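Please find the structures below.
Look at the two complexes coming up: chain A is in both, with chain B in one and chain C in the other.
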Partner chain A sequence: MMSAYRVLPGPEHFLPPAAASMGIRLPNPGEAHINGVIVPEDQAYEEAARQFLMAKVPTIFPGPLVLWAWNEKAAKKATAIRHLFETLKECVQPGQKPMLIPMPDYRPKYPKINPEIEINPNHPNLTIWHNKIDCCMFIGVHCHQANLSLKIIRGGTSCYTIAMCAQAGHEDAMLSFRDASVEKIMKLAETVKRLKGTVQPRLSAAKN
Partner chain B sequence: MAETKSLIGTQNKKGQTYTDPWKMLNEAPRTPSFFTGSEVIKEAIRRASCDIMIAYPITPQSEAAALIGELFAEGYVGDYFRGESEFAVMSQCAGASFGGARVFTTTAGPGTMRAMENFPMWAGARLPIQMIVTCRGINSPLSIQPDTLEISYLLNTGMLVWHAETAQDFFDWILKGFIVSEEPDVHLPLALCCDGFFVTHTKDVVQLTPADMCLPPYDPYRSPVPCMDMECPPVRMMRDPFIMKSNYISYATHASWQQEVWAAVERSRKHTIHWLNGLIDTENTDAEIMIVASGTAVSQGREAIRMLEDEGVRCGLVKVKTLRPWPEEEIREATKHAKHIFVPEFNVTGWLAKEIRATIPDHHRVHAGPHVCGGMTMPPEIIVSEIKTALGMKTFSLAGRGS
Partner chain C sequence: MSKERIKISEALYDIMPSDYQDLVKSATYGKDDRGWKDIGTSKELIEQHSLCAGCPESMAFRYIMASLPNPEDTVMVGSTGCTSLVFPMVAVHNIHSLFGNQNAIASGLKRALSVRFPGRIKDVVVLAGDGATVDIGLDMTLQAWFRQEKFTTICFDNELYANTGGQESGFMQKGFVAKMAPLGKQFEKVRLPEIARESGCHYVVQCTVSKPSLIEKVIRNAVHVAREIGPTYLQLYTPCILEIGKNSMEGLQEMRDSEKPTERFAYKEFISEPAKQLLAELAAKEKERKAAAKQLAGQAQA
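Here is the complex of A and B:
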């Protein structure tokens, strides 16, 4: 039975539920989900690109699986992510500010993280708030940590979240790809380029 | 993410071929064999590409643990040793799993209880360890006999919990269990339970897959958490918990972590339905009388249904295969026509009946029983008697022969 629950930008709740516990199911290969509804993957490229181009501060959060060159594939993905970021910068309008903020590890950063230059899964809301991020994409983050972070973001901020997951995807993001590859990252960059100038950006201050 | 190429089609050091699991379990020829449940555990593990088994003797799982020692001697299991206690075994299993190994262990009764602290830790750390639980009595006075009370303690640990009825279930589900619990979106420990002695120490015909085929090895690079990183959660979380910091976000992080474990249990639903062909099996779901059971109570229920049919009473059956994930929708659907739902159980508290009552509408339809415990058998006649009594039919007392 399909769930009536929808994974939407927050702030949702003092402690929002895990989307999986609300009946949201992960996509099969060749599919993605938008707001918890399974869609063909091609539709998700369009929507992800649109959300990036609408955002005042579209941000990519690369995690340890792509930040460290622990194998050849990781290094190639990192290059593709950089290309996506450069494409975003070329395609946005004045007033929009794309960012690339790393999640280098998952260590609890106590007593204080510098949230403006890095994001941590334990308190991702700080990075969203400090940088007024209204759309973000997780990539290269271990699945458990990504879900943890996505849920906290949905709970306390209005940020639109995208997951480019190398495994089965994330219900706790508002939009999720699965089986992420260099080709998929490049296809998203191409879609951003193709939609350049066709999407009206939200240039009012982000409400996080 | 990892640069690991598929090993399917290649051979391990014992000459077994790493085989696509679906083909191995659903398409490969099967050989009928007459084995005890303990021997069946051994045969499943022979085909499971296990990196390590850690053992501790406690009846009725001791024989299975010893038989896997033989497998180690033969070279089918990567490593094998005996821990100092069940608590030590489960902690050592965690260490091996943190390090990226496919880990297997067995326990029972008081052993399960002694090791209990480890199970939510396994689930929280997303360790896909498989533990066979050959259920027996847990309370004083001591009983080594079959009793399923220990399962109720496992239900809220965050582990997957399956309850096998037969040795055939056991063989297939051990292998399928590794596949489901190692999916990256699940990646949780599995407690694969059976009723001790009834399954472990009786012989049955079991259809085995070819011994020269085995599962592909575990790929730790698909894990949703990093392997054994002392500076990162979940390892660091255990020595430096979020909860030690008294602020909202530390608590929220811990809460989200817990939610994520239960989200993973939910995600296992899709994979489990695929591999076990559903979370429940059913017969005669249009009947007004249903028996809902798990484990060997299903077998007794099936026999009771046959006996009732001889008396003109039509009765249906729901075999509950998985307790976590809990087949809520399936049970609701399968019992929607039932006016009476009987839940025979091998334990004193009736935990399965409580779960079912919390699941279905009109829960007054649930008759929590018959119950036996402490090692008693459950003759199908007492299920028949319970049903006939509830229906107002004449029945004989099975309490004893009298003077």
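Here is the complex of A and C:
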């Protein structure tokens, strides 16, 4: 039976439950999940692009698996991520501020982190709060660190989270792809481009 | 074993924080003759630390990080104590263990790395305080030595439990009165270097960290002997200036005073016969390498 629990933007509370413990399950190949509901992957591209185009500060958080050129595949993914970011910059309206903020490693970095230039999985909320990020996508972050971050973000912020996961996906994201590849990142970029101008940013909606 | 393994993806290079760019550009990963003299001219493998101002432990950390012969293939195992405040700032793989468990963790880790990477040299170095090494973790420390586990154990000996307010440790000197040990230590300081020798350590040194060149030498020796022969142990005096009532700038003098021949941290070294042989071979190779490098430099100048 499908769970009634939905993975929604927070702040949920100080210690939000792991979505898996609330009955949210991971998508099968060719599928994704939106708010914990399994959907065809194509639907997720549309929704992710819409969320990016709606956000005041749509942000991509590349992790160590793509920031460091471990192999050719990682370097290619990094290039695709850069393309997605450039596309996003072209497609947003004045007043929206896309960002590309790295998570270079997982060291706790106490007592100091510079939230303007990096995000740390142990306190991702600091970077989100500081930059007023309302929609973000994790990519190239090891699963256990991504889960930790996604839970903290859901617990303490109202940011919409997207996971472009190279493995089986993340229950704790509001939207999760699985089996991330260069092709999938490029397809998301194409979708953003296609939906350009069709989505009302929250910025102007607030003004209206 | 070089910087080939730590390249930043070109497409995202510009967004990497500068400390990571510096690590790739000017850290000494893969450099054959890396050592303390690189400090100040290259990116150190230790970022800011959160130890007290003037803490000799921070000096020790910097010298050790600069001297590890193979940092890109080294995993350090730490334990509870002041050292655990520094490990998050260190650009070498490290694991924090439960208080006292460090040598047990390192044993399993070293064995697992040998199985997982049979063709590659992987060094394991334990770095813990005296509480973790000689009190709470003495069982694990000794058992690892008895089993001849091939890794280095470094103990930062500050002669008490420093970051919990100054309780008595096994390494505290007899008669010393600490904030949380008002009656004074009733027993002698544990002679762990001698115990290490009798427990099967092949290279044992006790010294202070007042001389960076000495620290470089003993670290390299200890890691090489552990890699090839068996367990090694270094006991480094890193006084807690706060707990012994000194000022920030007095740590170095405290170490110099304590390493005099009649003092408790007079240089002490035990080397087994196989280790002596290995170190002599390594010294000969190093001499050859330096001569070749000198010759090359001479040819380049000509």
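Here is the rule we use: the second predicted complex is superposed on the first by the 203 of 208 C-alpha atoms of A that agree within 3 Å, B and C clash if a C-alpha of one lies under 4 Å from a C-alpha of the other, contacts with A are read in each partner's own complex, and residues count from 1 in each chain.
Keep this in mind: contacts are C-beta pairs under 8 Å (C-beta built on N, C-alpha and C of every residue); 3 or more make two chains touch, one makes a residue touch a chain.
Remember, predicted model here, so these are calculated numbers, not experimental data.
After overlaying the two complexes on the shared chain, residue contacts for A:Glu118 are found with chain C alone; chain B is out of touch. A count of residues in chain A touched by chain B and by chain C gives the higher number to B. Using the contact criterion defined above for the overlaid structures, shared-chain residue A:Ser3 touches neither chain B nor chain C, since it reaches no partner. Legend: residue contacts after superposition of the two complexes on their common chain; A:Asn35 is shown touching neither chain B nor chain C.
In the superposition on chain A, A:Ala74 makes contact with both chain B and chain C.
Touch criterion met: A:Arg107 reaches chain B and chain C at once. Using the contact criterion defined above for the overlaid structures, shared-chain residue A:Gln43 touches neither chain B nor chain C, since it reaches no partner.
In the superposition on chain A, A:Arg82 makes contact with chain C only, not with chain B.
Comparing the two interfaces of chain A, the one with chain B and the one with chain C have residues 74, 107-108, 110 in common. The touching residues of chain A, counted against chain B in their complex, run 1, 15, 17-21, 25-26, 64-65, 71-74, 105-108, 110, 121-123, 125-126, 142-145, 147-148, 151-152, 155, 166-169, 171-172. Partner chain C is touched in their complex by these residues of chain A: 62, 66-69, 74-75, 77-79, 81-82, 100-102, 104, 107-112, 114, 117-118.
Only residues 6-12, 15-17, 20, 48, 50, 88-89 of chain C touch chain A when the two sit together in their complex. If you check the complex, the residues on chain B that touch chain A are 1-3, 126, 183-185, 187, 222-226, 231-233, 236-237, 240, 242, 245, 249-250, 252-253, 255-257, 259-260, 262-264, 266-267, 270, 329.
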